[in-house]
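Labels run A, B and C following the written order; every chain starts at residue 1.
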Amino acid sequence: MRPALEIDDVAVYYDKRRALEGVTLTVERGEIVTLLGANGAGKSTTLRAVSGLVRAARGRIVYEGRDISHAPADAIVAAGVGHVPEGREIFGEFTVLENLLVGGHTVPRRQIGERLEEAFRLFPVLRERRLQAAGTLSGGEQQMLAIARALMPRPRLLLLDEPSLGLAPLLSREIFDVIRRINADGVSVLLVEQNARRALALATRGYVLETGRLVASGPSAGLAADPRVRRAYLGLDGARRGAAT
Amino acid sequence: MRAAALGSGAVVVLGWPWAAPRYFVFLASLIAINAIVAIGLNLLTGYTNQLSFGHAGFLAIGAYAAALLTIQAPLVPLPATLLAAGLVTAAMGLALGVPCLRLEGLYLAMATLAFGFVVVEAILNLDWLTRGNDGLRVPAARIGPWALTTDTSRYYVVVTVAALLILAARNITRTRTGRALLAVRESEIAAQASGVHLAAYKTLAFVVSAFYTGVAGGLFALVVGFLSPDSFDVFLSVDFVAMIIVGGLGSILGSVMGAAVITTLNDSLAGFQSYRPLVFGAILIVSMLFMPGGIASALQKIQPRQGDRA
Amino acid sequence: MITRSILLFLLVVALSVSRAAAEPGVSDTEIVIGGSNSFSGPLAYTGEQITKFGVDLYLRVVNDAGGIHGRKVRTIYYDDGYRPQDSVANTKKLVEQDGVFAIIIPQGSPPVVATLEYLEEHKVPMLFPYQSSPVTRARRYVFQGMTLSDRSSRMMIDYLAGTRKYKKFAALYQDDEYGKSFLAAFEKDLGRFGLKLTAAESVKRGVTDVSAQIAKLHAARPEVTFLVLVPGPAAQALRERQKIGWTDTLMVSTGPLTDEKYLALATDAANGVEGLSLWPDPATSDLPGVKLYRAYMVKYFPKNEPNRYSLAGYFAGMLFTEAAMRAGRNLTRESLITALESIKGFESGILPPLTIGRDHETQKQGFWVRVEKGRFTPLTDWLKSE
């Protein structure tokens, strides 16, 4: 069986500016893999390239053995890739329910009810708030909504972009628990996270990006022990966070 | 509170012709027509961030389609005529929307501006059909046995159609297609990540916007009774944009308010003659400076309501 | 909320009931007339001149002399920018809100035609619309202003084919009601002499490059080339002709075109051009009425140069005053119409003695001019169009 995701020598340019250069990584089925790096290193771009929101100028992106490098975003969603974008990007003026319904845009109509049930089972608070405007939810609830929305088409690969950003420690722990549960249901996860310590604790393996290039990779434990990673991303030894050298 | 406001609003709208001076019945019809255009334009600009300076062109297509149909086939009932005007214009919206997908911001504004000019040129060149510069007189439309010859009868037709289209726009989130369209406004990224085909929905926005404007064009022909290419100049397109900016981008209530404000403003400034464009421009700039989110957001600030998507 | 809107509602009702007068626009002290016109858009200059510096100029003279049977005349104008829907809105507003007695000197075929049926239906007189298409003819509530195209054509063809014995005619015309109504009239009048147009080329409105049309007309070698255009393209046509050295044709401008603006645009390319002039030269004519017009202009609007447009508006104001005087103290819309129809041999000191009668036309004559050193020099006395 082919891995959930194979990214092979991918480059992405915004106009002429290079955002990714020769990135190669793999997510095995059922695995949680984390992508570390400073702001602007290309983490979000990697996720966007996978879900088809930006186009790779070079290289191949293969999902479960299918080349999706040139597939349109809606086809990638339909194929089973879910994406929780950076900043959550919930539809603030929609109700919670309407947010989930947009998430189910590619789902056949008769299955919508059952998918909504799943979402509400996973996040009971969303059921309570289903008729409330999403913009009025708390930060944690919005994040849950963003994840629940991405889960509506039952993806087999979930791309998570900074799910704990701006959340209180207690809440982000809750979100991480949710990720673990989703993974336990057989969903492979590619996680971009600023809280490197927690991400490495959750993931089996990790990759480190610097200005669009991979500079390190390996099992989480190994990365957590790497002095460069420790200094740059784990905030140890008094180094400034995010200032990769 | 809301039901009461709606109820008294309905009473005023329905009772208007019996209470207001006659001219204001006509003016109210114009406001309702412009409100339909503003909602249509807002579906495009407010929801999918596509700016159009060519909606006078769509209005012209709808108006001429309805007028020619009324002349050539007087037996076609008015609702069918209006629907046909909307559909013809929607087809033009599709034809314009597809090539415009590649354009953004200023370039899109230029392309739609050009579209407006092309429509006027087409009306001039198809003079065997449209009577060109001489203008086209539109005979009174009929609903069954009644000929719509009074301002009051036309007013009721216009407000009925406007009410239906407002209702449709407000309930657009009840359909999958409508939700996807609005989702694009809220977040293009999240909409795409949810599997919404961006290009298709941006084009759809053009089509729906053109449909609304085409129906409004049919009503315009009915109410004004005379069409000429001079009716649909670029300033009319600019007026429509002003309506949604003053009213509030992406807001249906705002579209209606913006249409009311700009139409009334234009009407009351007609007496200022040569100073009209100057006064109009000044008022626009001032209102944009002090009310950047339009009337809709100013209202919301005064009276915040949870989850209201007016 | 409900009480407030009901109160508002009642207020509106009260306001609407309170306005009910005997004859709209006529009170013990005042007569209110008005019109929709171009104060912005392509014809803004003309619109302003015919109304504010034309009609209003004459009415200021009248009001300062005590008004019409003790009533001062007030005018209301609204801008339509040449847009028919705005002229419809403005006209409805004038009739229904301002309650004007009559509509005076609206401009341009589309805005005028758009309001025709409405005004007839409400029996409101439309006085002296400033446009030349015969679409406004034979309507009880309309009195023509500008000489209609078929009358102009008759004078022009009678003079050129009859008196001057020209045989070969061509036309460069604007592709709209104005141009086409002239074209049709030319064909008809030439037919009376057993002639027809050798060539006709059209110009779309708003287009200024006419080189292709001039080249085609040149190839047809007409003795006379009519210019049925507006000042911009007409001046362009003259310059183009000068450029290609086309000298063996007589360029002739129609009545609406023969004005100073067109001369100024064409400069020396206009020399030798002939045309039908509908008005005596507003700046130089020695006619007593025109001298008086200039004196009043200096008195009331010293910064405004005399011109044909304001003269036309001034004349419209004069005709309205004459008719309202004749109608007497008991002025109604119907009595005004009767009074206008009764005008016979009226001496304006500007145009030849005027008889309006049943045809409702107020300007039926013009005279022939040739451009010499940037001015129109008369070649004939007033021509007949009957």
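Here is the rule we go by: a contact is a pair of C-beta atoms (placed from the backbone, for glycine too) under 8 Å apart; a residue touches a chain by one contact, two chains touch by 3 or more.
Predicted, not measured: the structure shown is a model, and the values here were computed from it.
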| item | value |
| --- | --- |
| Farthest chain (mean CA position) relative to chain A | C |
| Chain nearest the global centroid, as defined over all protein CA atoms shown | B |
| CA centroid of chain A to CA centroid of chain B, Å | 41 |
| Rounded Å distance, chain B centre to chain C centre (Cα mean) | 35 |
| Between chain C and chain A, distance of the C-alpha-averaged centres to the nearest whole Å | 74 |
| Contacting residues of chain A [partner chain B, same complex] | 51-53, 72-74, 77-78, 82-85, 89-95, 98, 101-103, 105-106, 109, 131-133, 136, 146, 149-150, 152-153 |
| Chain A-touching residues of chain B, taken from the complex the two chains share | 173, 176, 179-180, 182-183, 186-187, 189-198, 306-307, 309 |
| Residues of chain C that touch chain B when the two form their complex | 1-2, 5-6, 8-9, 12-13, 15-16, 19, 36, 39-41, 44, 48, 52, 76-86, 88-90, 92-93, 95-97, 109-111, 113-114, 117-118, 133, 175-177, 180, 204-205 |
| Contact set on chain B toward chain C in their complex | 1, 4-5, 7-9, 11-12, 15, 19-23, 26-27, 30, 124, 127, 132-135, 137, 151, 220, 224-228, 230-231, 233, 235-236, 266-267, 269-274, 276-277 |
